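What follows is a pair of complexes built around chain A, which joins chain B in one and chain C in the other.
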Partner chain A sequence: MSESTDLLLWVEEILAEGSALSGVSAHEAGLGPYLAKIWGPSCTESRTDALGNQFYLKPGRRGAGKILLAAHADEIGLVVTAVDEKGFIRFAPVGGVDERALPAQAVMVHGRRDLPGVICFAAAKRLADKPIPLAHLAVDIGYGREETLALVRPGDPISFACEFKLLLNHTGTGKALDDRAGLVVLAVCLRDLTGRTHGPDVLAVATAQEEVGCRGAVTTAFQARPDAAIAVDVTHAQSPDAKQVTAQLGRGPVIARGPNLHPLLTEYLEELAQSERIPLQTEAIPRATGTDARALQLAGQGVPTALISVPLRYMHTPVETISAQDVLLAGKLLAAAIAGLSPDLQELEFRY
Partner chain B sequence: MLEKLSRLDGVAGQEKAVGEAIAARLREIGLIPETDRMGNIIARREPADPTDPAAAVHMLLCAHMDEVGLLITDITAEGFLKFSPVGGVDRAVLPAKRVRLHGSLPGVVGIKAIHLQKPEERKKLPEIDAFYIDIGATNREDAEKQVKIGDMACFEDSWREFGSELFMGKALDDRAGCALLLEILARDHPCRLTGAFTVQEEIGLRGAQVLANSVRADLVVVLEATAALDAPETEPEETVTVLGGGPVCYLMDAGAVYPRELVRAVTDCARTEGVPLQYRRGAAGGNDAGALQTAGAGLRVVTLALPCRYIHTMHSVASREDYRNWKKLILAFIARQCAAATPPPPGKGA
Partner chain C sequence: MPDSDEKWRLLRELTAAFGPSGQEDEVRRLIATTATARADEIREDTLGSLIVRRRPATGGGRRVMICAHMDEIGVMTTHIDEAGFLRFAPVGGFRTAQMEGQRLRFQSGLTAVLARQFLEPGQDKTENRRYYLDTGLGPEALAAQGIDVGAMAVFAAPLTETAATVSGKALDNRIGCFVLLEALRRVRSRHDLYFVFSAQEEVGLRGAKTAAFALEPDAAYIVDTTIADDIPRNPVATLRLGAGPAVKVMDRTIVVAPARRDAVAALAQSAGIPFQWEIIDRGGTDAGPVHLSRGGVATAGIAVPVRYIHSPAETAAKSDILQACDLLVRCLEADFPAESG
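And then the complex of A and B:
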C-alpha cells in the first residue's frame, strides 16, 4: 500500500471519529482526547483557555515568528429550552440550523446522560407546501414529563446523531464535518511537518464558538499574537440545487480572495499550490467571511490572514458531504506552505 | 426478530430480502413457506389436535413485508439520482436524510445549505422533483456503474432501543406485524392457521389482492402498524392513536368497515384479559383487510394494530409494552374464536 493511500485511509478514519463526537458551540471540551490523539503526537505542549479554545504548539526555530492555524471545534446543534406537558423537549437552534432539515432527524440529547431521541412534529398540522415551523417541532426521548425533567435541563445541548459513512470516490458524509474536516486538515499538516524543519512556531488551535459568532477566534488571536494566521474551514460545494456555487467537491481545497484575506499571504499559498502541483480552487468573498478569519484579521494591530477551505455539500445538516482527498490535499498544502516560509516570518513583510 | 426485520430493505416491489429472512424463520419453526408469483409468502400451521372441534376453524393472519421508499427515475449528468416516492412518503421528512440502495450502497438526500437559500425558499418545501440523492459519484457514467433507473432506495436503518421501553427503526410498518405473525405461527393453536406475509401493501394492497384470489378462511386478522399522532401541538381528537395506549382495533378505514360483532369480540377479549385497547380514531388510510374482505364470497376481517409514532419515516417509534399487549390480545382472541367453535361438553346444557 502506498504512503498516500495509507494517509487517505487515516484521514477517513479520523474524519469518522471526529464526526462521531459531539461539540455543540460552548460544549467543545469533549473533543480534548480526540485532539490529543490527532494533534498531540506532533506537538510539545497544549492548553485550554477560558472560552474553551484548545491550543497545541509545534515549535520551529527560535525567534522565527509564529503562524497560527485555526479550525473550529464546535458544531451547530440545538439547545433544550423546555419540557412540555407530555414530556417532549422543546428547543432552540444553536448556530445556523435549517428547520426544513429537522423533521424525523435522529438526535442525542446531552442531559444528565446521553439520551437518544428523534425530532418529531405535529403531522396533524402539516400544511402541504410549508416547512414545519420550529414551534411545531420537538424532541421525543421516549420518556414522560417527570422522567424527562429528572434527566434533562434547559440549556442542555442537543447534537445530531448520524454516523459517518463513506460514499463513492473517497467521499464521506456525516454531521459536524463543519469543521471536524478542518481539525483533520491540521492533523495532516502537523503530521506532515513532523521530521521536517520549519522556521516559525506553529500554533494549532481548535477554536470554540465559531458557529455563534467566531467568539473563540477573538480571544485566540488576542492571546497568540501571531505573525500570520490561516483559518481552515469548509465552504459550499456545488450541488444540483446550488449551481451558482463555483467550488466543486473532489477538485482540491479552496482558497478565498477578498478584503478579509491578506493578498500577499493568499498569493504565497496559491504559488505554493502550483509548485507543489496541488489542485486549488478559488472563491471570492466580498465581505468579512463567515469563518474565524473575520476575527483573526482584526486582532492586535491586525494579523495577515488567509482562508483555506474544504468544499462541502449540504452545510449545517447531518448529511454534510466532503471528499477525504480534498482534506488530505489541504493538509499537504498547509504543511508545504509552512515548511517553505522564510526562517523569519517578520521578514516576510506580509504588510500593506 | 423485529430488529432484524426492521434493518432489512424491502421497498414495495422489492421485498425479496425480507421474504428470505421470513422464509428462513418459518423453516426454523418447522413450517413450509410457499411463495406465490407476486412474492407473497404463505405458511400453514395445522391444528394441534385434529380431533378438536376447533380444528375445523380456519383463520388467516396477515402482515405486509413491504415498506415505503424511493424509486430512482433518472441520473443527472453530474451523477445525482432523481427519484419518485413509492408509497406515502411525506416530503417534509426527506431533506438531509440517509438512504441505501441494494442493501449496501449509501447515499444522502441533499438540500441546499441554509446560507444559500433565498428568504422565499426558506418558506417553502421543495417540490418532490427538486430532491436528489448524492452517492458520491463524479458524473452520470460513474453513477451508472452502481445504479440503474428503476432501482429502489430505502431509508437507512436506524434501530435503537431508547426511552422507557421504546424502540425506533425504519419500516416498523409492518415488520412489527411480520415479527408478531412469526411468533404466533411458532406456537400450537386449536384451529388451522394460515400466515400470509404480503407484498406491495403500501402501493394499494396489491399483494393481498392476489392472495384473495386463492385463500379462503373463516376469519381474517390483519396485523398492522398504525399512526400514533400524539406529537406536540396535536389536539387529542387528532391523535388517531396514542403510544402506550395498548393495541389498536380498527372500526373503519378507507378500505373496510369492520364487522361490529368482531369489534365487540375484540373488545370483550381485551377486557377479560386486562389488556388496554384503543379504537382507531380516524377513518383514513387502509390496509390488506380492504382487499381480503372481498375474496371469494367475502371474508370477515378484523385489524389489530401496534400504535407507531412517525410512521413512514426513517425513525418510527413503538413501545415494547404495546407490543406485549398486542401479542397477548391476539393470542387470546385466537383462543376465544376457537373456543366459540367448540360445542359445550355434554351434560352441561346448551
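And then the complex of A and C:
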C-alpha cells in the first residue's frame, strides 16, 4: 500500500514537472533533461533523430524481438506570424487548439528569451454562438512594435502559461497533459520493469510533431522496425460538453478497439488487465485514430499496434484534467504486458 | 554569366512550357536540355520526376537533394457534349469559379475559353459543374485535334515583365526550376548534389515522395513559391514582394527544425542576402513528404513570394528570384550541420 502511495506521489510530481515544460511541435528538444530523468535510469542508451524523436532503449533478452512504446513529446500551441503596427503579436495555431479557450489566457512567447504575455482582442468582434476568430486575437507582451520586433520573430512558438494544480482525488489539471501524461505512463512502466526479466527489447520513444500530423511516428517506425507497437496517448473523458464519450476519469486507462488497432494485441492487453485486476475502459474508434498508432500501424510491412489512453477532460485547452491514478494504472498495465511477453515476442502470432 | 535578357528568357521558356501534373514531358525536356552541360548524370524516374546529379570533385561530402516541382495546375476534360463544349475537373488547386473568362491552352496549342453556363434562379455560381470550356470546335474537329476525355489544359498566358517584376502562368513553380538550374550552373560544392525536378506536386506532393525514398539523402532543400500577402488593406502582411526570398518555418506539411531554418538564415545574413520568414497555414510543399522519408531527412525550404498564386497572372519580384539563387548556392556550398538537430 505504501509503495503504491509513494508511486502515486511520484506520478503527481513528474506530471507537474512535465506540464511546466514547453514543447510546441518541432520544439521538443527542451524535454531532453526531463526524459533523461524519468526514463534514463531504467535504460541503457538514448539518442535523438533528425525529426527530434527521442529514443530510449531498455534491452531484454537477446533475440526476443522488440516492442516500441510511443508517447508524443510535443504539445499544441501557437506560432508567431507577425507583429502588427501597434506591437501586438499575431499568431496561428499549431495543432488542434481549442479556440474557445484562447481569449484572456496567459501565454509564454518563446522569443529571444521567454516572454510572458496575455491573449487580447485585436478587434472587438463577437459572433453569436461562435468562438472569436483567431484573426481577431493577438498577444500583448507589454512592448510596442520596435521593442517587440527586437525580441520576437515570426516562427517563434507560443505556449500556454498555466500552472499545474492538483485538484481533489488525485486529479491533476494543467497544460500539455496531452501527452506529458503518456510520457509519465512510460516512466511508470520502465520503472516497474526495472529488476524484472522481460523478453523483448523495450524501445520507449518520445515522438515529435504528433499534434501536426503524427510526423515523428512516421520516421520512428521506419527506423525502429518493431515487432509490435503500443501508442500511449490521452482520450476524451466525459465532461459537461462531451457528447458520445464513454470513458470516465478515474476509472482506469482506456483501450481502443477499431481497424487502426490489432485485435489480438488488443485482446492480449485486455486479458492481462483482467488477470492483473487493473480496471480498463474501452473505446471504439471506427477509423484511423488521431494518435501515433495511425502511423505506427502502417510502417514498413505493417506493425501490430495497440493504443492505450489516459482519459482526459478539456483536451487542447490550458486546463486539461486527468487522474494520476489512471496514469499509474496505465503504466502498470504496460509493464505487466511486456513482462508477460517473455520469452519471445516473435513467437507470438499477432496475425489474423 | 549570361546577360539579364538571356536570364529571363530561360524563365519565359520555362513558364511557357506545358506541364500540368502527370504530363510534365515538355518541361522535363526543356530542363534536361538546359541542365545537360553541367550534369554528371540525368535520369527520369517512374513518376516522371527528372533527377540531375552533380558530383563533387572530391569525395567526403554528403548526399543532398534539392527539389523543385515542375508541374503546374490545370484542368482535365471529363466530358464533351454534342456541341463540342467540354466539361472538366480541376487538376491541383484550380479555382474554377474565379477563372471565368480566362483562356486555357491544350498541349496541341488549341485554346479554349472558360465560361459559365446559363443559371436558373437560385443556382449556385460557385459550383464547378456550372462551368465549361469553349474551343469553338465541334466534337469531330476536336477528335481530329486529338482532344478527348482526359485531355489536359493549362492557363494560356505569356510571361510579362517590368523592370522589377515578372508576371504570368506557372511561376509556381517554374521559378523553383529556374532557381535550381541557376544554382546548378554556378555551384562549386563538395557535396553530391541531386537536383530533383519533381512531378505531380500540385495533386498531392507525389513525385518528391518517391524521389526522396529512392535517393535517401542526408539533407534536403526544397525550393518553391509562397503566398505573398502584401496586398491592399491587409494590416498584417507577412510576405512581401521584393523583400528577399523566404526561409520556411512552417506550412501545412512541415514544421522545419529550428536549427535547420536558422542555419539557412545565418547563411543569408552572412552573405548580405535579405530574407523573410515563411509561415503559411494554407498549402503544403514537397518539404512534407521529403522530411518524412524513410527515417527522416533534415529538410529546409526556400520560397519565392508570389502574388495571385494559382492564377494566370502570378507575380513575383525579379530581385527575390535572383537572391533565392544566391541563397541556394550558399546553402549548397556550406558545410551544413549534421542531419540531427
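Heads up, the rule we're going with is that the second predicted complex is superposed on the first by the 340 of 352 C-alpha atoms of A that agree within 3 Å, B and C clash if a C-alpha of one lies under 4 Å from a C-alpha of the other, contacts with A are read in each partner's own complex, and residues count from 1 in each chain.
What we mean here is this: a contact is a pair of C-beta atoms (placed from the backbone, for glycine too) under 8 Å apart; a residue touches a chain by one contact, two chains touch by 3 or more.
What you see is a predicted model, and the numbers here were worked out from it, not measured in a lab.
Visitor: Aligned on chain A, chain B and chain C: do they clash or fit?
Guide: Aligned through their shared chain, the two binders fit side by side on chain A.
Visitor: On the A-aligned overlay, A:Gly250 touches which partner chain: chain B = first, chain C = second, or both, or neither?
Guide: Touch status of A:Gly250: first partner only.
Visitor: Could you say whether A:Phe121 touches chain B, chain C, both of them, or neither, answering first, second, both or neither?
Guide: The first partner, chain B, only.
Visitor: Taking C-alpha centres, what angle do chain B and chain C open up at chain A, rounded to the nearest 10 degrees?
Guide: After superposition on chain A, the angle is 100 degrees.
Visitor: Quick one: classify A:Lys130 as touching chain B (first), chain C (second), both or neither.
Guide: first
Visitor: Check whether A:Cys162 is in contact with chain B, with chain C, with both or with neither, and answer first, second, both or neither.
Guide: first
Visitor: Looking at the overlay, does A:Thr173 come into contact with chain B only (first), chain C only (second), both, or neither?
Guide: first
Visitor: Counting touched residues of chain A, say whether chain B or chain C comes out ahead.
Guide: After superposing on chain A, more of chain A is contacted by B.
Visitor: Just chain B (first), just chain C (second), both, or neither: which does A:Asp84 touch?
Guide: both
Visitor: Looking at A:Val327 after the superposition, I want to know if it touches chain B, chain C, both of them or none. Which is it: first, second, both, neither?
Guide: A:Val327 contacts neither chain B nor chain C.
Visitor: In Å, how small is the closest CA gap from chain B to chain C once the two complexes are overlaid?
Guide: Between chain B and chain C, the shortest C-alpha distance works out to 9 Å.
Visitor: Taking the contacts chain A makes with chain B in one complex and with chain C in the other, which residues are shared?
Guide: On chain A, the residues that contact chain B in one structure and chain C in the other are 84, 90.
Visitor: What does chain A use to touch chain C in their complex?
Guide: 25-27, 29, 48-53, 79, 81-82, 84-85, 90, 92-94, 153-155, 209, 212-213, 215, 218-219, 222-223
Visitor: Flag every residue of chain B that touches chain A in the complex, lowest number first.
Guide: Spelled out, the residues of chain B in touch with chain A are 76, 78, 80, 90, 92-93, 95-98, 106-117, 122-126, 130, 132, 134-138, 142, 146, 158, 160, 162-164, 166, 168, 227, 229-235, 238-239, 309-310, 313-315, 317.
Visitor: Given the complex with chain A, which residues does chain C contribute to the contact?
Guide: 235-238, 249-250, 253-258, 261, 277, 279, 281, 291-292, 294-298, 339-341
Visitor: Flag every residue of chain A that touches chain B in the complex, lowest number first.
Guide: Going through chain A, the ones touching chain B are 84, 86, 88, 90, 96-98, 100-101, 103-106, 115-118, 120-126, 128-132, 135-138, 140-144, 147, 162, 165-169, 171, 173, 236, 239-242, 244-245, 250, 290, 313-319, 321.
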